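Per-chain residue numbering starts at 1, and chain names A, B and C are given in the order in which the chains are listed.
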Amino acid sequence: MATQQTRTLGKLAVSPSVLMLLMWMLVPLSMTIYFSFLRYNLLDPNPICSLLTPGALLDAENRCLAGFSNYSYFLTDPAFFKAMGNSLKLVGWVLAISVASGTLLALLLDQAFYGRGFVRIMMIAPFLVMPTVSALVWQNMLMDPVSGFFAFISKSFGLQPIDWFTYHPLASVIIMVAWQWVPFATLILLTSLQSLDEEQKEAAEMDGTPPLSYFWYIVLPHLIRPMTVVILIETIFLLNVFAEIYVTGTAGPAGNLPFLVYQYGLIANDIGGASAGGIIAVILANIVAFFLMRMIGKNLEA
Amino acid sequence: MARNASIRRKLVVTAFAWTVGLVIFFPILWTVLTSFKTEGDAINIASFFSTGWTTEAYSVVQSRSNYVQFAMNSVILALGSTFFALVIAIPSAWAMAFAPGKRTKDLLMWMLSTKMMPPVGALIPIYLIFRDFGLLDTRGGIITVLMLLNLPIIIWMLYTYFKEIPGEILEASRMDGASLGKELLYVLTPMAIPGIASTLLLNIILAWNEAFWTLALTTKDAAPLTQFIASYSSPEGLFWAKLSAASTMAIAPILVLGWFAQKQLVRGLTFGAVK
Amino acid sequence: MGTISLKNARKAFGDVVIIPGASLDIRNGEFVVFVGPSGCGKSTLLRMIAGLEDLTSGAILIDGKDMTEAAPSKRGLSMVFQSYALYPHMSVRGNISFGLKMAGMPKAEIEAKVAKAAATLNLTEYLDRKPRQLSGGQRQRVAIGRAIVRNPEGFLFDEPLSNLDAALRVNMRLEIMQMHKDLGATMIYVTHDQVEAMTMADRIVVLNRGNIEQVGSPLELYNRPDSLFVAGFIGSPKMNLISGKPAEKFDAHTIGIRPEHLGISLKDGTWSAKISLAEHLGADTFLHVDAGPCGMMTVRAAGEYDAAPGAKIFLTPEPDRIHRFDKDGRAIRK
């Protein structure tokens, strides 16, 4: 409902952000695709590659074309399957933990009690903590098997302390990341709970609805929509968890897809291989995104 | 009777909620407490509360690794990227909220989907482009990246907030002869202040804590607090008092900001997605 | 000065036609009311005149000049919105003066104009308040003040009273009419309330599904409705519409007779009827009756008519007050 003039102005107004995002997406993506077909190692000066494989096709900068070899190399690397599995486990577990405990915590915070505002800010705080900080604090001061706080607790109960990062590296990363994302789920679900119609609550009370049925038939359906929002937003961030793995040095056992690509590229300097990995990560993320977008798309209509 | 019962219930809930809250808050609390211990006391939990307190760790951290410069970089990166993103996002969100076309919803979806693209897909080219243009470890370069990174979320949030503003008010300003620039500056922006504040706050937090690009693209000159902390991963990580002092200094600004702007924070953290 | 003409103005969104093509000439200083049920396109038509909607085709002339493509602020018109659309972050003073500031008027002149408008509208003591600190009626006045200060050729009102309670609405109605008399400016007023239309308008434009059904003075519409739609829409309570056998006796497909034009008798009359419900309003009594082949009808009886539900009465229409319509719903005139 607007005039042609405003619509034209509107197009002008969105164009800067559209153009910038388009460039931000297309330029690196097309370069990555191109690199993924090159034998391109920063430590391997280009001419040598052409000397070693005479007759290899070269691009303008004398880099050898590699065909799909980077892809087949990356896809057959056992580390790839490990990393993909870790990525999925990390996303899946953190989502499950944060939605489940987020719901419970939101129900708790929705009750009347003394110091609600203060407790709420305490619960939000983990979300404000820099990932590198939370990684270091958890790894050293909490989960350290010798003098960490958890070890102290175990010992004071006469139990054997768990060596978290040695024996359960992925679980450790999951716990740490979940700690950061539970507050987010709690907050969104709490906001939504508070918008639940007061009259509905009273009507249910008048009907003598038992608390569990009330939760199941009234509260839960109301929370479905915010839950999809939580899942969408958390997935975006969780697929790309990096700092926690980078800092804790759990690359081998708990490394996910982003970290593997980082290892290929900036540690092994294999630009071709890293690019192939990046493209594979993009494809996988898009498969996930496809389903998520359909979900949030329905939400947007409502 | 009923009143007593409800008070008793409230007390039980209070005790339970505080316990849960403290458990969740514990790692932060513990970090802050540890930062005021000597290295020796820090690893000895059994006698943790019976020994003295000191700010020694802070002076060591400060003298060894120039905290102020890292903090300055964090502030500049967070504020800079947020400011430029808002300048670009406000007109876009205005257009999508008040002059929508048939494609507006698809456009919003597409913008959000750019967030779905894993940064690793772009890491190598961006790294090379930055290297070739001398942008590695520069504030301008990182500000651009952080701005682009959060632009979709900012546009999305502003869009949801703008949608709540009645279009008639903007039409009234058009009848009053305001140009688009004036309509945005004098009417829409002041009306949307709460929403913009929440967006701003969330974006500052996201930019402050961003730890993929800042770790990959900075080393020293433009390095923010994420790098400052990462440098403690080893072997200084073994010195818990210093680690805690550094951590406290890295997270304190955001925690304090969040504390004072609780209302905006709560609104912002829901990404404008839930009302 | 202040004439507004629509030349076959058409509005369509793709295949959906909102206004198939409206032509209308509004004279300078006239008070014209657009009336019709919701969704009839009256607000769209007003917004097209304001420049807030484009025309798909056709033209709009203001003061004889083609303004079809002109920006809203260049048309010399002011608008009062249904929601008032006050700037919530500005004081009353800021709201009223915003348009003048945008026009780059010198400060002193703005001050004087705002003071004058505020005095006329009894807003002087509220000038520094924010809209949310005002009552509904006061907000309404601010919206009008904002429209007045710009000294427009014409005023556009989009259902301005629909958010006020009944008592206040009557007051504001009188004030707007007084303002029209004082300013002598052209006014176009949109409403769905036919009582508002009848009491305020010099001329009423009845809209139905985007078409102008009839244009005329209130009494013209009341006495000589061109169509069944106008007949049914204008007048309260509604005109009784009767089709079938009883209508054929009058050589019409449908006949209409207003409740106030039916004579009541206990002995004899044209139609017999049974009272099913009586509404006692004091000055009048409205009887809802079941008139057999004529269907349900409403009849006005003067004063306190003592009627028991189920009682039998006879009704006789005033012969020269019977409206006849053909099967397309158009009026049949002799």
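For this structure, a couple of remarks:
Note that a residue touches a chain if its C-beta (ideal position, glycine included) is under 8 Å from a C-beta of that chain, and two chains touch if they have at least 3 such contacts.
What you see is a predicted model, and the numbers here were worked out from it, not measured in a lab.
Set side by side, the interfaces A-B and B-C show unequal numbers of C-beta pairs in contact, with more at A-B.
With chains reduced to the mean position of their C-alpha atoms, the one farthest from chain C is A.
Chain centres here are Cα means. That of chain A falls 58 Å from that of chain C. Mean C-alpha positions place chain A and chain B at a centre distance of 16 Å. Centre-to-centre separation between chain B and chain C, using Cα means, comes to 53 Å. Residues of chain B found to touch two or more other chains are 174. Shared interface positions of chain C, defined as residues touching 2 or more other chains, are 52, 71.
Annotation for chain A: residues touching 2 or more other chains are 1-2.
Partner chain A is touched in their complex by these residues of chain C: 51-54, 71. Considering their complex, residues 166, 168-169, 171-178, 182, 186-187, 190-191, 193 of chain B touch chain C.
Across the complex, chain A meets chain B through its residues 1-2, 6-7, 9-11, 13-14, 16-18, 20-21, 24-25, 27-29, 31-32, 35, 105, 108-109, 111-134, 136-142, 147, 149, 152, 179, 182-184, 187-188, 191-192, 195, 225-226, 229, 233, 236, 239-240, 242-243, 246-249, 257-258, 261-262, 265-266, 271, 274-275, 277-279, 281-282, 285-286, 288-289, 292-293, 296-297, 300. Those residues of chain C that touch chain B in the complex are listed here as 50, 52, 71-73, 77-79, 81-83, 85-89, 98-99, 102-103, 146, 150.
Taken together, the chain B residues at the contact with chain A in this complex read 10-11, 13-14, 16-18, 20-22, 24-25, 27-28, 30-31, 34, 43-46, 88-89, 91-92, 94-96, 98-101, 105, 107-109, 111-129, 148, 151-152, 155, 167, 174, 180, 205, 208-209, 211-212, 215-216, 225-226, 229-230, 232-234, 237-238, 240, 243-244, 247, 250-251, 254-255, 258-259, 262, 265-266, 269-271, 273-275.
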